[in-house]
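Two complexes are shown next, each including chain A; its partner changes from chain B in the first to chain C in the second.
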Partner chain A sequence: MPTTPLSVRYEDDLRLFASVWRRIGIVLLAVGVVAFPFVVDGRWVMTANFALVAVVGAVGLMILTGFTGQISLGHAAFLAIGAYTAAVTGDTFGLPFWLSIPLGGALAALVGLAVGPFALRLRGLYLAIVTLGLVFIVNHLLRAFPEVTGGLSGIRVPMLWWFDGPRVGDATWELGPLTLASREQLYFLFVLITVGVVLFATNLRRSRTGRAMNAVRDRDVAAAVMGVNVARTKLEAFGISSFIAGMAGAMFGYVQTFITIDPPFNLIMSIEYIAMIVLGGVGTVVGAVLGGLAFVAIGPIAEHLLGGLPLLSELSSSQQQRLMFAVIVGAFLLLEPLGLYGVWIRIKIYFMAWPFRY
Partner chain B sequence: MQTFLQLLFAGLALGAIYALVALGFVVIYRSSQVFNFAHGEFLMFGTFLMTTFLAVGLWWWVALVLAMLATGLLGVGVERAILRPMIGRPVFVTIIMTIFIGLVLRVAVITFWGVGERGMPTPWRTDGGIRLLDAPMLFNALWALVFAGVMLVGFYLLFQRSKLGVAMRATATDQEVALGLGIPVGRVFAVSWLIAGILAALAGIFLGMFPRSVNINMSFVALAAFPAVLIGGLESPLGAVIAGLSLGVLQLLTQGYVNPMLGSFGQNFHQVLPFVLMIGFLVVRPYGLFGTREVERV
Partner chain C sequence: MDTTARSGDDQGRAPLVTFEDVTLSFEGLVAIDDVSFEVYPGQLFAIIGPNGAGKTSTFNCISGVYHPSAGRITFEGRDLLGLPPHAITELGIARTFQNVELFPMLTTLDNLLVGRHVHYRSNWLRDGIWLGRARREEVAHRGRVEEIIDFLDLESFRDKPASFLPYGVQKRIELGRALVMDPKLLLLDEPAAGMNLEETEDVARYILDVKEELGITQILVEHDMGVVMDLADEVAVLDFGRKIAQGRPAEVQSHPEVIRAYLGASTDVGGDGGAAAGGDAARTGEAAIGDTTDRVTDGGAS
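And then the complex of A and B:
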């Protein structure tokens, strides 16, 4: 495999897919993603939908924690806001999903911007626990107004194509030999959103704002000395991150079709998102994507493997998944600090240097 | 008045437990800058272990000491095996690690002890009590206060007067300098985890007594104690005790007087209020009541 070509012009630096190999890889990936729902079992398409939600949510957290270094245990709160916005706007007001998703994002971003100022004064653990408090507060508010949110009994999340119109998946689409049922339609919609979010995050990282975020993460005082507006950067990170988290929440609601408050929107969910970005590799968009995908893939694998152990087979499947995930991510933290991204880099370096070794 | 006193006494007992839990966080945080999210699970482990010790017929006080020591040793082992290699890594890595340790421990407890509820036997009459100022106070609450008081005084003496305490304070100030001065930093970490485990087991055992019970949800008391830890200041044992006691009293008074006034909004309002107060408080004083203000240097 050849190395990355030397950049000699400014335009070379600007390109997202610099080398021929990258472009080939992207085309292959695109073909794979489009072909995926038609070659696998329907259950796996559903799993893929959850994975796409996880990827979007993880990218959102990556912007806040990975790029800007603000530890947030409140990610579940933003997802809850997004999901409940989608549910209420869809169920009560009959808004279509392409309005509900940005609305959920916007509402979450509002809350995120309201929390942002706390991050100006607090850092590290203090911020982590204040954002954890946000999860409790949001859950309490959702529970306190049952006439709007359905309270403990939960609420439906209808995904409408048009105002009070038909739902996504009501009609099965026939495209020649291919049939697109409800979950395949959802899959392609989610792929579009995910690609958009991933491209946005990749470009954000390369922009002035993204570099300011990295500077704040590495040393906020030093960043301020160099002329970075720390307060504004942190607020931007909170706003953008919670917007994306709100979108992920709305998507989560659509996959579930019916949601309750706790579970799933609790501390565990926040932790899972943090774990995803750590598993993938902190500070990289690829890491968020890999982490989100790995998180969802671990579930079925755990069921398969742990089902045979006599002591553990008594645990519920969600407990098994969590245990498996905890052990794997824990091992990664101990052995490979850069996460899956680090593994990928090492594989790449091995082949780039082949037949020589470092 | 009687209701008020009753709530106050119950609140103090709960506050004593919060103080013990908060102290467990502070001990570990001071020496190793790790916030131990698995503390609640340590607490649960110690409590369940205690019920087993009692079930096999050990004398209550022996069982108490054994359960406390075992939990402390578990803490030492966890620190040595998992958290020691994490030194120097970003804060969120230790956060995740401790949360995962908690998850695994939780699964282990459920696997060994099951999900059933059980009572915590006591050497005194479990539902008996005294009357103080015309209001009933359970023996359990009284003993919780006594034990918390003894632990706190002992802890204070250890920290301020003993050689080990000085070593712990030195480690808390600067690990590298402490190491350079010949303080066995690793051993200090071990001791602080041991103390934290002991405190956790003690808190759990009193938390499991009548009118509450020993169950797998008791680890959530650690989450409930977070506001006390942060309001008190992460590095301050005194702050943890003051904030813990006030948190307990405040919670029960809110539950008794404020919740009924708020209608459906008031349901479980007392569990959220501490977090709201904490957020408000930290905006005014970002390092809590007695926490160390960080000096910023580039």
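And then the complex of A and C:
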């Protein structure tokens, strides 16, 4: 059997899209993603843009909480930092988005690294409480400098192609029969960012850094004795996670075009992100993607389903969305702790065993 | 100390590990009481003693999990005290735990790859981008891990999460996780605990292979006297945190203090009431052993 050298075999083993089915799957997915904005109603493209923001944000939290086991209620603070960086650099300084987004990530990462040392001493709920404090501090600071941040009246988030240049969506692109207006342009930019972030997290997960994070999550003393620098690993998790959250914040600002401090950047947002990764399945990148998509998709579905019911139709649409989401996450915690990822695995096993029931 | 009892062929060689007058106490309980010993390159050095004697604590001092209040521990002449656990591991010291401490959610393969951690040169950025170096390194280390999987017959468990595997297999994976480090020193804490006769024989064979094929210096803590007497070059006996004897297995076996400690004649050990009372509490059966490792996890975390 082993006519090929061993290294070739491991190389194959490490390939992301090893099987033919996976490759077919990824091609179909790519076609679907590209075709999506041209086959659905424009409203759904907008929803998709929010979903991509949620996916990026959820992947960020997954690295910290899912990979490394550090529970954080501070995620909204990092998104706020990213969003306000995009707003201020765009509105005041006329920076293009491809600078503002990484800048937002970098600022959020700096704050994340500053909070990180608390994680070296605190764990579980104590860490959650300290990170929650971060949300209040950041919100307070944003309110304290209204000349810069617009304070309570909010601020515009212009998305520029170039320094002081035209904005994304100023010109509508015609590609043969296809028209790309503002939201379609945003969609394709966001797809690129999301693919990059998802690949980065997937690579982390299957390499030394990701394994070290998992080791710290599962047993930190054993991890240290295996040579893992626990403090450094936690700091890396905080840094990477908050960088990605900052990027998600900037993206969020661009979809909104105008933002205020609270709402949306409050405890509820932090909890929603935790719910997304729980719903998707803690510990996996796929889980973060599914959780983020499901969270946003639930909004319109909830409106549709609950709108017809007597009492529940009185609720605002965001309340309906939250209620539905809470019920679903609760149900998952009880019935399928591995989340949507667990459901996916079951479906896969079912079809692999087909036609036999196991 | 009892240099007379040391194996003759070690004379004149520099020790790999020295433990000098080490004392460790927990709120009044003296877990290690002024213990000294030296381990020489290539040696299989055993530490035996009743439950609560301080064997696991000795390992925890070497790996930097516990911090002795007095004494010195050196490895290749370098002082270990004050170094964090990961830095000690980087020097080439690997260990297993009395109670299995695998990463339960990770597969056998991933558990072993964590054992290669100190040999990687990549960093988080390279890992995330996964081009060139990170991927080549992964392939290279994977190769070493597969060799150990082969050596320990772990093929059929490669892709299963550790927590789903039988206890005996988990112990073997732990040995593998320590071996893939290619350490200079291997600390084994009761590798045969809880195993049946056949499994114990397997473990003994692996330990011997590690010594003879891989040439790794080992310190072995083991309850099974048969294993110790068959394998060890040198044995130190601890009781209530103190070293009561050291020498070749046969010499130690007939030592009167050792016989007394092993017959559990704790009532007639007059004069040291305090320590004896503390030790007795820890001797109340197997449960105490398990508790100790749990405390290791909690203690280091706070």
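Methods note: the second predicted complex is superposed on the first by the 350 of 358 C-alpha atoms of A that agree within 3 Å, B and C clash if a C-alpha of one lies under 4 Å from a C-alpha of the other, contacts with A are read in each partner's own complex, and residues count from 1 in each chain.
Basically, contacts are C-beta pairs under 8 Å (C-beta built on N, C-alpha and C of every residue); 3 or more make two chains touch, one makes a residue touch a chain.
This structure is a prediction, so every number in the text was calculated from the model and none was measured.
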Exercise. Should A:I71 be classified as contacting the first partner (chain B), the second (chain C), both, or neither?
Worked result: first
For this session: Give one of first, second, both or neither to describe whether A:I137 is in contact with chain B, with chain C, with both, or with none.
Result: first
Exercise. Does chain B (first) or chain C (second) touch A:Q319, or do both, or does neither?
Worked result: first
Exercise. Looking at the overlay, does A:L333 come into contact with chain B only (first), chain C only (second), both, or neither?
Worked result: first
For this session: Would you sort A:V225 into first (chain B), second (chain C), both or neither based on which partner it touches?
Result: both
Exercise. Touching A:T209, do we find chain B (first), chain C (second), both, or neither?
Worked result: second
Exercise. Touch check for A:G283: first (chain B), second (chain C), both, or neither?
Worked result: second
Exercise. Given the touch rule stated above, what does A:R156 touch, chain B (first), chain C (second), both, or neither?
Worked result: neither
Exercise. Regarding the shared-chain residue A:F200, is it in contact with chain B (first), chain C (second), both, or neither?
Worked result: second
Seminar exercise, completed: Contacts of chain A common to chain B and chain C in the A-superposed view 219, 221-222, 225
For this session: Using the touch rule from the top, collect the residues of chain A that touch chain C in their complex.
Result: 6-7, 10-11, 13-14, 123, 199-201, 203-204, 206-212, 214-215, 217-230, 236, 240, 283
For this session: Report the residues of chain A in contact with chain B in the complex, numbered from low to high.
Result: 65, 71, 73, 117-118, 121-122, 124-126, 128-130, 132-134, 136-137, 140, 143-146, 219, 221-222, 225, 267, 271, 274-275, 278, 282, 311-312, 314-315, 319, 322-323, 326-327, 329-330, 333-334, 337
Exercise. Can you list the residues on chain B that touch chain A in the complex?
Worked result: 29, 35, 82, 85-86, 89-93, 95-97, 99-101, 103-104, 107, 110-111, 223, 226-227, 229-230, 234, 264-265, 267-269, 271-272, 275-276, 278-279, 282-283, 286-287, 296-298
Exercise. In their shared complex, at which residues does chain C touch chain A?
Worked result: 63-65, 84-86, 89-90, 95, 97, 101-106, 110, 113-118, 120, 122-124, 127-130, 134-135, 137-140, 142-143, 146, 177, 181, 296-297, 300-301
